[in-house]
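You will see two complexes here that share chain A, one where it goes with chain B and one where it goes with chain C.
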Partner chain A sequence: MLGVEAQKPPKGKWTTAPFDPRFPNQNQTRNCYQNFLGETWGAGRKSPDYHRCVKAMNRRGKSAQPCEYYFREYRSLCPISWVQRWNQQIQDGTFAGKI
Partner chain B sequence: MPYPHQLGFQDATSPIMEELLYFHDHTLMIVFLISSLVLYTISTMLSTKLTHTNTMNAQEIEMVWTILPAMILILIALPSLRILYMIDEINDPSLTVKTLGHQWYWSYEYTDYEELCFDSYMVPSTDLKPGELRLLEVDNRVVLPMKTPVRMLISSEDVLHSWAVPSLGLKTDAVPGRLNQTTLMSSRPGLFYGQCSEICGSNHSFMPIVIEMVPLKTFESWSSLMT
Partner chain C sequence: MNHQTHAFHMVNPSPWPLTGALSALLITSGLTMWFHFNSMTLMLLGLLACIMTMYQWWRDIVREGTYQGHHTPTVQKGLRYGMVLFIISEVFFFAGFFWAFYHSSLAPTPELGGYWPPAGINPLNPTEVPLLNTAILLASGVSITWAHHSLMEGHRKHVIQSLLTTIILGIYFTLLQASEYFEAPFTISDGIYGSTFFVATGFHGLHVIIGSTFLTVCLIRQLLFHFTSKHHFGFEAAAWYWHFVDVVWLFLYVSIYWWGS
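Take a look at the complex of A and B:
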């Protein structure tokens, strides 16, 4: 998807994923999934999460650097095994989410 | 940590657990008062030769023993709800740690910066060093900085488990496919023990949790050592 360079932590301050008022309760499954998704939201759509952000930026020919925020966020929230499974599904073309 | 012949809760390590201890004292005191009143009433009723056979109505006492219990229940409910909402307060965590339950060990992931993950198995009783606690020690402890709010995200890779640390007042189910969040804040350094709290197979009793709360500098050097 992105090169190795873009997968590294970006410069700048990052402690951890901040409180997200869209997901105030104990069940954070959707928070992780929502931040992982978002590859191809175009302009005018809500919540540009990571993958959607990347796709939108690439479509507009811009650098995907600002999308790193979402990368860090889903990296902090999602279990590694989930991320690996979803990335594998994306590669295989079997990912069920709308990207 | 637990100790032999323990009667009450373990010492509180987080502000929430302190509140729970006070609440428990408050509620238990009410329970003792009611129980001793009832015991006294029963003993006097059984030990008197006097009889009373013509009770027709008892409006006044009926009022008393309806209103008074209602007030007692409110007296219990108010601090209970206060603590419940206190647990749910929005805070600003400085660190996120994920813990995944497996059969039969926990694995921990610290992915805010580098990808630090490790498994935490119980130390078998045959391998314990002198002074270590049987069925409670683990090979890799969860090291965390003290006095900082930490977001714990708990899930499972196979069956239901439950991640519990009594002295922090924490118990959160590990459900496969679901990510449960709880907040951890320790007021002091030390070692804090817990055990898996949802039946998960043959070694359910043998997958403990040990949290090691350390100063921030120690945590930083530990995490750079581990990655």
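Take a look at the complex of A and C:
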């Protein structure tokens, strides 16, 4: 068997993103894009799901560990090539979205 | 005895439909020569043929109606149907461009930044020249209505004054819009925003020029005493067309200039 270890998924719980009624149709582009923006938005802007979760947990004095769940879940939506391209654009300063 | 016993106009054979079709062929193939082979000759020939066809065909219609009396009420009814159907077809023509605009602007893609106006686009301020243009066209709608009423009441001087006012307002609109085109910070090649903006407003501008020309022809005919207070369909057709142009602008203004900014 070639690389049995390599064929195992990375450690941790990776789930499929659940149904989001904000994006009910087959075209999930907006779902991916909105959540990608959400992750890269810093504090002071409209809070994205992940960051919102972190803030709320910190306010209640709890660990932000469960928030990792959001992070992985929405990363599973976007094609890797899109995320790579957008991250490259952010680095180059040519990203069109508001972050 | 050789006279017709029906109210319709059996038009004499005419070469203009053929020359019109030929001009269409020359224009379209001329566009190909211009786009791909860097030559404008064929297209210019086609445009010339088109203009000559229009001039002679409509001149003949004026001769048949005004000078020879062929335009009975029945014939006029047919002409009315024709103009209405033509304007309806133009409505559908513009509907396509509005569809394109709304398709792109209601769900802006990630490439645009996910918002409208897209990233990097500074739209024109709708409260500046575009608002003035709206006022100009609305005023021209009033002046052309004044012209129509003057015509029906037999006030020759007022017809000439109000028709001239309408035409001048139309030219003023065209000049302002041309200046906007030169001064705009974005061009037709600036993504989908540029495409939808300039194609929709551009075709509208072309229709303003066509409408102004139609009105000018009416002014000339009025000066030559062609119209009576009861029979002036050419003028009515021009007025319908002018109101159509005005309405299209209102949709453009609200959709692209105002909502789209």
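Note that in this section the second predicted complex is superposed on the first by the 54 of 99 C-alpha atoms of A that agree within 3 Å, B and C clash if a C-alpha of one lies under 4 Å from a C-alpha of the other, contacts with A are read in each partner's own complex, and residues count from 1 in each chain.
Here, contacts are C-beta pairs under 8 Å (C-beta built on N, C-alpha and C of every residue); 3 or more make two chains touch, one makes a residue touch a chain.
Just so you know, these numbers come straight off a predicted model, no measurement behind them.
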Putting chain B and chain C onto chain A via the overlay, clash or fit?
fit
Based on the superposed arrangement, let me know which partner A:79 touches: chain B (first), chain C (second), both, or neither?
first
According to the stated criteria, A:15 is in contact with first (chain B), second (chain C), both, or neither; which is it?
first
Once chain A of both complexes is superposed, is A:29 in touch with chain B (first), chain C (second), both, or neither?
both
Touching A:96 in the superposition: chain B (first), chain C (second), both, neither?
second
With the two complexes superposed on chain A, say which partner A:37 touches: chain B (first), chain C (second), both, or neither.
second
Between chain B and chain C, pick out the one touching the greater number of residues of chain A.
B
Once superposed, chain B sits from chain C at a minimum Cα distance (Å) of 9
By the touch definition above, which chain A residues appear in both interfaces, chain B in one complex and chain C in the other?
29
So in the complex, the part of chain C that touches chain A is made up of which residues?
107, 109-115, 118-120
Which bits of chain B are touching chain A when the two form their complex?
90-96, 98, 100, 109, 111-115, 117, 151, 153, 155, 157, 172, 177-182
Within the complex, which stretch of chain A touches chain B?
9, 14-19, 24, 26-29, 31-32, 72, 75-81
Contacts from chain A onto chain C in the complex sit at residues 29-30, 33-34, 37, 82, 86, 96-98
